Amino acid sequence: MASKLIAIVAGVGPGTGAAVARKFAKTYPVVLLARNPENFESLAKEINSSGGKALGISTDVSDSGSVKNAVETIKKEFGSDIGAAAAIFNASGGFLRKPFLEVPEDVFSKSLDVSAKGGFYFSQATLPLLLKGVEQKSEHPPSLIFTGATASVKSNALMATFATGKWALRALSQSLAREFGPQGVHVSHAIIDGVIAIPRTKEWLKDLGPEAKLSADGIANDYWWLHTQPKTNFTWEIDLRPAVEKW
Amino acid sequence: MASKLIAIVAGVGPGTGAAVARKFAKTYPVVLLARNPENFESLAKEINSSGGKALGISTDVSDSGSVKNAVETIKKEFGSDIGAAAAIFNASGGFLRKPFLEVPEDVFSKSLDVSAKGGFYFSQATLPLLLKGVEQKSEHPPSLIFTGATASVKSNALMATFATGKWALRALSQSLAREFGPQGVHVSHAIIDGVIAIPRTKEWLKDLGPEAKLSADGIANDYWWLHTQPKTNFTWEIDLRPAVEKW
Amino acid sequence: MASKLIAIVAGVGPGTGAAVARKFAKTYPVVLLARNPENFESLAKEINSSGGKALGISTDVSDSGSVKNAVETIKKEFGSDIGAAAAIFNASGGFLRKPFLEVPEDVFSKSLDVSAKGGFYFSQATLPLLLKGVEQKSEHPPSLIFTGATASVKSNALMATFATGKWALRALSQSLAREFGPQGVHVSHAIIDGVIAIPRTKEWLKDLGPEAKLSADGIANDYWWLHTQPKTNFTWEIDLRPAVEKW
Amino acid sequence: MASKLIAIVAGVGPGTGAAVARKFAKTYPVVLLARNPENFESLAKEINSSGGKALGISTDVSDSGSVKNAVETIKKEFGSDIGAAAAIFNASGGFLRKPFLEVPEDVFSKSLDVSAKGGFYFSQATLPLLLKGVEQKSEHPPSLIFTGATASVKSNALMATFATGKWALRALSQSLAREFGPQGVHVSHAIIDGVIAIPRTKEWLKDLGPEAKLSADGIANDYWWLHTQPKTNFTWEIDLRPAVEKW
């Protein structure tokens, strides 16, 4: 299978991660990373039983050893020369909304470690595979996509824990876009500015109607669009929000 | 023909405008606006002779009367109840790179009038048609797209003439996105950050290779992608640049 | 009087303009520009009768001829070789909050003309005087300061008329800062993000306490601070808001 | 001494930190934090022998225990009820300019820990003292000031290590400004956009003349200006650069 490029999705859960994995699985074997196997097991089964190929690997992106193990597992499965067509970092530090002086140190620290160090470990692990994708003349420029949030560009009161990691991740993506674009890797950052429609948010924003929440499948389509842009027309950043969202 | 929605492109020239018109002409009758008829005549002929429908109207977007006349001509051609699926403002004030104290008043003034007042007149003229597109349940949310530039977000030395109009236009697009998104119209702004490959730029950046310039057809694809986003996932702003571009 | 540098303040009214004029009048003869003489007459009297020197000139900054006449009057009064230590652009297009499709063309146009063209005419008229201030070795680097607003960086729904001009003015200030900084002129932009305490706003925000509004004298102090920065430490932009302001 | 408010400066070195400490020592007893005592010993001696009061404490801001120990030492010296008039975070992660795939994990991690976690620990430790400064009716609103850099707003190629921490710190400062401004604490962020004139940079930029580098004393003056702003006119962010700087 070594000749086929793969897509790697970190932070697979019931929303964006799963939708992105399903979308990219139509074209590439997909690797699903999440700390908790419950987050990828049924999805992997679904993809594998419907003609695609998925491999779930329990991974803590904030732990560099765990990320390295994931790459080892990938190479064992797909061959040591495997290249990647896409790597999508959808993991995120915890969303804590709390007066600053009540934020526990370890909560802040863990949140930053997942968003910022996680983004770093994931990028160092996947960029060599993406550069191999360039060498192997992938149909579309290999893509490294980071999922951001409203808090990636606005740091509101009580939101320091979440926003610091998200700003750091956006900085990472911008620097990587500038360094790896000329090498043929397309690095992007998506600002998801709104609530995503997932089971957990089912009761939210009901008064604003059925279109008040972002569609995870829509986000997946947008990531695919980013992935298929040619080298002459790379987008670094997009924002995404429901039409009715106040911003 | 009144039941069919149209697309209106202002600022049709040999680059982005023409490519966007060709792209949207595959689905909609297109109206081509440019001051100089030479800029749309052959394009209109090309579209009309290849199964599409195009109407060119000589229009000075910086002149509100001229913009109103264009709308009258549109209604005469397509019916007074015509709605629009897309309106694309691709006109631009002159690109003057000059020490500030040597910039002639009328050049500054004209540039601002095209970008900022032009954007205003075009938006006031087309938004009623786009809202009709909403009423008439267009397949994709009606789109109002503005073409920006590097100078839309960075105002370099010697570039005040061009940048002032471009910042004003970006402000216009952001305010309209916030006002008309909830009404179902998708307002976007594209930052074109690089040189576009058109006949006039053929000899530019040759040492950087064949992919150093933006593809106008690629931009058209990106505008079409913006146009087809569902109401749950509107993008206000994208940036676009060649992979090798320094930024 | 030709050896003394002057300060020129455009947009003198009951708030920021008057406070800035009073502050700078402690050190420099001041020229007060406003369309309506009522806006500067009593202030000029006050400054002249308390040991300072003030000259009011009725000027429409959106009219280049009117701005040129003001410079002629300045030269007649202070000598044709007069230099400036400071020029402060505090004029502003009208603040109209209205659904976009109800904004009269001439209101939009006038607002843009005051903010953007006014900023251009004022800068072209005063920069030669500021450069003379550099030649004449002013104690502090000659300063060109623009007054911005919340709407200089955020373009809300219904605010297109005001925001377009303010974004254009900010672009102008950034380009001029980059061009004229190396020539010794300090160009700055101040984002006034809140309500200023003036007679007209006396009844506003009363529930938030006596400190919910910006002090015009405080703004004047901040402008003076910008003016006194040495050439090694120029600030282009500051934001200013009451401690209790939501942002 | 409990009735006197103190100023705390973290990241005291030969440049900004020392200059800020000297400036604030004219009004307040100052606490000097640096990991290496060599960085504050002679400065503490200088301040103590010239009529001021300085206390140096060896502190690693990236270690929460070390920061807590510093606060204990402060309370032992100044009384358990001591309040602060100013707390200045001038520490910074390492400035590494390197291809991303060659950045050692521990270097990235340490840099982020100093800038982002350091900023967090320092803020959680000093905000209670600053709030006491509010209670004790300090003459000027107690100030929490963060030192940023060019890389706080632009994340260039090869600069991911430094920029991620700086963006995170800026996010922290913005969130804290919004939360603690209404409580009377003035939180600011200064973008130092250029080379600071210190012994280590003596040979840099010589061809651009003696004013091509930022003056550390000038930065200290600017921080003092931020500190003395009244509650009606708080600045969150300033940028600072030499007049001749390209930006």
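Letters A, B, C and D name the chains as they come in the text, with residue numbers starting at 1 for each one.
Here, a contact is a pair of C-beta atoms (placed from the backbone, for glycine too) under 8 Å apart; a residue touches a chain by one contact, two chains touch by 3 or more.
Source: prediction; values computed, not measured.
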Item checked: Least hop count linking subunit B to subunit D through chains in contact -> 2
Next item on the list: Name the chain whose C-alpha centroid is farthest from the C-alpha centroid of subunit D.
Entry: B
Note to self: I'd like the Å distance between the centres of subunit A and subunit D, where a centre is the mean of that chain's Cα atoms.
What the structure shows: 34
Next item on the list: Averaging only over C-alpha atoms, locate the centres of subunit A and subunit C and give their separation in whole Å.
Entry: 46
Item checked: Residues of subunit D whose C-beta touches two or more other chains -> 178
Check: How would one label the connectivity among the chains shown: line, ring, star, complete, or other?
Finding: ring
Item checked: All pairs of touching chains, each written as two labels joined by a dash -> A-B, A-D, B-C, C-D
Next item on the list: Mind listing the subunit B positions that touch subunit C in their complex?
Entry: 64, 99-101, 103, 105, 108-109, 112, 116-117, 120-121, 123-124, 127-128, 151, 154-160, 163-172, 174-176, 178-180
Next item on the list: In the complex, go through subunit D and note every residue touching subunit C.
Entry: 141, 178, 181-182, 184, 186, 197, 211, 213-215, 218-219, 221-222, 225, 229-247
